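Worksheet: one structure, shown below.
A, B, C, D and E are the chain letters, set down in written order, and residue numbers restart from 1 in every chain.
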């Protein structure tokens, strides 16, 4: 726990410098998953292994970054009435691109992530940041915001994926983590395990918050 | 593809592979709108309705995209067409049945860009369902979503009057209940496969 | 469940606490000694307190008016003994509040002759005159509620009373006053019934008696005055059969609507002791000065049914019946609904039907309260078919409005059956009393 | 859009939407075109790998489309919606086996498998799971459990005398109770999944094996 | 002169004797014969499983309640029931470390997070079992023959598996009657089923003792008889109807009643009042729902047995049953429904 407190302190000191603030807040203080509880579906669905979780997190972060950049660039050109429609268009475009890119990297990975790549479109984190931040801020700030939120999201997904894979599969990034006849807790990679693991991480966050 | 009877499609989408509890689709409304039974059942109705509309749209668009050979437009066209169709239907309902609109109205805009809706459209396309199969699939997915939401709401209303330890209160408790519900739904595994 | 709702000679649900009636039911009513000091509170009934008509130092004769009715919903008080008004001042009451009362010093040598008044002749009196006579006699419900009987007997415009029900149920454990009254005062009862039938216009009268008082039922049946529309009906033993709503359902299969009164289903319910009092007092124009009280419980040596002057201090009563220092709790009334006494200086009132004395042995109640385990015992006990379990949980979380709006809190008539059966020892009825008070206050605040 | 928008902003709206639309379309098409070759290549490789798995010893493959009346014609690309089988040959061009796709309901969802049939041995000679949502660590033993996979090294699907059906339908039996060459030894704890495989193979071989056997020469051309 | 400070209490001043802890203690009592038979038929391994789950539940309850409430709540005996019942639903050769984990999960996840005794919305023992079944599906479906000759002299090789390690599976795996029927259409003699001459979970095998325990509790008014009656009746009627339609494809209703965990579940687990509806009419609906789900899962589902899932699902429906089915309040016209 003392380790935990130190971390909070470390992050807190970083937050004092304004330029890093936009970045750091998404990692910890406003973590989209653990604090804001946004975009839960991919968090639960594709966090059954560390690899999937990381890939999904990075894909989401990429879309977030690109759409934040574009939205922020165009923020003075897009009329208010068609704002949301154009954001959706932009996001869908980047998601389609990511979808093909991942297919081009590995068919297996694409199969594992399934439809959830496409579902990044409706992840409210992305639309939310576009609407709440990028449409009002400069490109630089929006980039930092997107990176912070994106990495915060990836970090959270990774936390879930790591726990679920280690316990549920006895491995970490596909590499065996335990002696040979370790008994896997299959429940962890089942849907119920997703709920339980997320609940556990939230519990830890709550406890840390109450302490700090 | 094996022959899947319509009945099986329905059971599969609603119970065996429940959208919320097995596929993790629509988790946000599941966590957010399951506090009260009344809102939960209305939300369920609204989602089912939008699912059917979305499913029909997706069937049409898919046929069109196959015809013009432009698979890369799938996602973008699904989302745009579903969103605008729901908007149109919403306006239509507002005109035709103000009562129904009042019941579903506030939920409709929230749902349009919900991942359960888009997920349904994508899955039915992946599975290669025909028109009737898609319709039944949407009906089953909606029923399953409603069931999960309504069960959760009942439990949460009961838990409003329980001495839940402070640290567990809120989202954590909801997630734990969802986990146990998800375990319970595993009892339906393989239903219809025998 | 409507299909199974046929009339079964009793009401739904209820409980069967151990009766403990044998200890006193065979003991005839005996006159209790006069206490040297009698304290008559001016507020012994529901409604406005009576208004003094005597001064300090004045000498009064037994049965003389001490205070007149303080309004329509009020009754006068009469002197329980011949003696001297020593003081008019604050007296403690069972609720813990103080009220004005008259301290009477009994004349030690007095013959305690009762003063005669203006008789109310049964044959010639109009219903209004009978009601006036009942009020003037100071009669209130002796069944426990102490509600002025003449108010209850006044049939509202547009309603009719077809059945007069005489409540001889006495479902509270330990108590046997009504039992003895039925065995010993049948003439007064039948006379009272005549007055009541006349004043209410009812066509018939049913005396309801529980099966554990078969002797009383047989006695009354054989002595029924011929040609009069009076019958006796025996019902199974079950608490709270004596509650008027339950009794109406048991005898007639009618249900008093929620929030309504017995007259809404054409009934008036009067306790047997009240009836006997009416039958005894009205022909002589007298006022009520004493009543039958069962004194019982493990803490009492001389158990029995006593005719005790109203206003006798409780301490005096207990000393006379040999209650020792081992007593732990004293209740006015029965164990299910009676009120625990904190102060032995209070005195007997018209509403006192029993005095129950427990020693430490009986009050070693399980003190640990467990959470509700949803066993459903309370649901199976509640005669109103409420859900005490849910109400209890809501009360614990102070959701009073939800209790009233969704769970019919205000229909609870505080019989205590739920608390009695609850294995988790949750103070359910205690919660409900508080909650009802709060809900009523909130409602009043909204209205006001 | 019925509110008091002026001409100018209407025009601006249209302009920006069209602009964004064009930009998006461009991006998508570019990505699609850019990644297409590699995606196709990866997919083909994956398929190749699977076919290699189910037909031991094969070096080259040909794709045959199943037409109406069960006629087989060689195709170079798979037309949309067509049913195909893959024939595998060794370095001498000799037919080593035919890879057939089949599917059926498993424990959790539809199972899709590929199996290799050798007309010479009249046996199933290889097995590969293309798609499965069976429980990890349990149902997924059907693709990992060596004992189970060993069932498919030579699973008897010999034809009956009249050559129109398989003599003994493939079936899964309880673990450790395999007695005949056409039986699949089940997996304890994954009875349902392993039985599903038996059923899928039984149904598919009854349908496909006589047809393929009949058309043996088509492959050997 | 009488000079005594009196206690005051509010009415009613008497209470019926039975307390919640008495009820719970009696349930334990009623379970003991079942447990004893389990040990008799499966031997030492079963004993170890039962002791482990009970100890795990009691210890977890003790530590958690000590931390959050004012003092330990183990004295109410409810944790003992949870532990015993959990043990009775596990295979006799279940590894000890898994059984212990199950006990901790049953109390922590099944009871504590909801606020402890009286607040759990699911049956805690079954929550424990459901997690175990999902976590270790192989171990929990590896059965052990009853009345093995060496059952009192040696343990199953799986029993003392090192923590977090996979249990070795010995050659002892025998199918339960339900699995035998489902996969091989083999039925088992009814008398064997009733008397428990079969393999299965530790405590589910002897229907007669389970029924006797239930009768004892019903006689002492500590159990709601309507629940087991409505469950068993529904299973009998529905499976009987199917059997009449096609006696080849569907098992006989008697077989359905006496096989698997139905008896134990209907008598001791569905009757956990905390997670079941409270009104008599509601309880009939609840029982019928469980019965129906059991038949559906057993006959058309993928799993051979569905009692646990049926009860958990019905637990989840309970609040709705309580909400929808209310007795008509005295003096009101129709049952007051809250929408």
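In the analysis below, contacts are C-beta pairs under 8 Å (C-beta built on N, C-alpha and C of every residue); 3 or more make two chains touch, one makes a residue touch a chain.
These numbers were taken from a predicted model, which means no experiment stands behind them.
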(request) Report the chain whose mean Cα position is at the greatest distance from that of chain B. (result) C
(message) Applying the contact rule given earlier, which two chains have the most C-beta pairs between them?
(response) C-E
(request) Find the most central chain, measuring centrality by the gap between its CA centroid and the centroid of all protein CA atoms shown. (result) E
(message) Farthest chain from chain E, going by mean C-alpha coordinates, please.
(response) C
(message) Using Cα averages as centroids, what's the distance between chain D and chain E in whole Å?
(response) 44
(message) Based only on mean CA positions, could you tell me how far chain B sits from chain C in angstrom?
(response) 61
(request) Please work out the Cα centroid separation of chain A and chain C, and write it as a whole number of Å. (result) 71
(message) Report the inter-centroid distance (CA atoms only) between chain C and chain D in whole Å.
(response) 86
(message) Quick check: what residues of chain D touch more than one other chain, meaning two or more?
(response) 24, 28, 31-32, 107, 135, 137-138, 192
(request) List, in ascending order, every residue of chain E touching at least 2 other chains. (result) 109, 115-116, 119, 131, 134, 137, 302-303
(message) Residues of chain A that contact two or more other chains, please.
(response) 85, 89, 92-93, 96, 100, 186-187, 190, 192-193, 196
(request) If two chains touch, include that pair; go through all of them. (result) A-B, A-D, A-E, B-C, B-D, B-E, C-E, D-E
(request) Please give the residue numbers of chain B that touch chain C in the complex, ascending. (result) 160-161, 163
(request) Would you mind writing out the residues of chain D in touch with chain A in their complex? (result) 1, 5, 9, 12-13, 16-17, 20-21, 23-24, 27-28, 31-32, 35, 38-39, 42-43, 46, 135-138
(message) For the complex, give me every residue of chain B touching chain A.
(response) 21-28, 31, 72, 75-76, 79-80, 83, 113-115, 117-119, 122-123, 126, 167-168, 171-172, 175-176, 178-180, 182-183, 186
(request) Enumerate the contact residues on chain A facing chain D in the complex. (result) 48, 74, 77-79, 81-82, 85-86, 89-90, 92-94, 96-97, 100-101, 103-104, 106-108, 168-169, 184, 186, 189-190
(request) Could you please specify the touching residues of chain A with respect to chain B in the complex? (result) 37-41, 44-45, 85, 88-89, 92-93, 95-96, 99-100, 115, 118-119, 121-124, 127, 187, 190-196, 198-199, 202-203, 206-207, 210
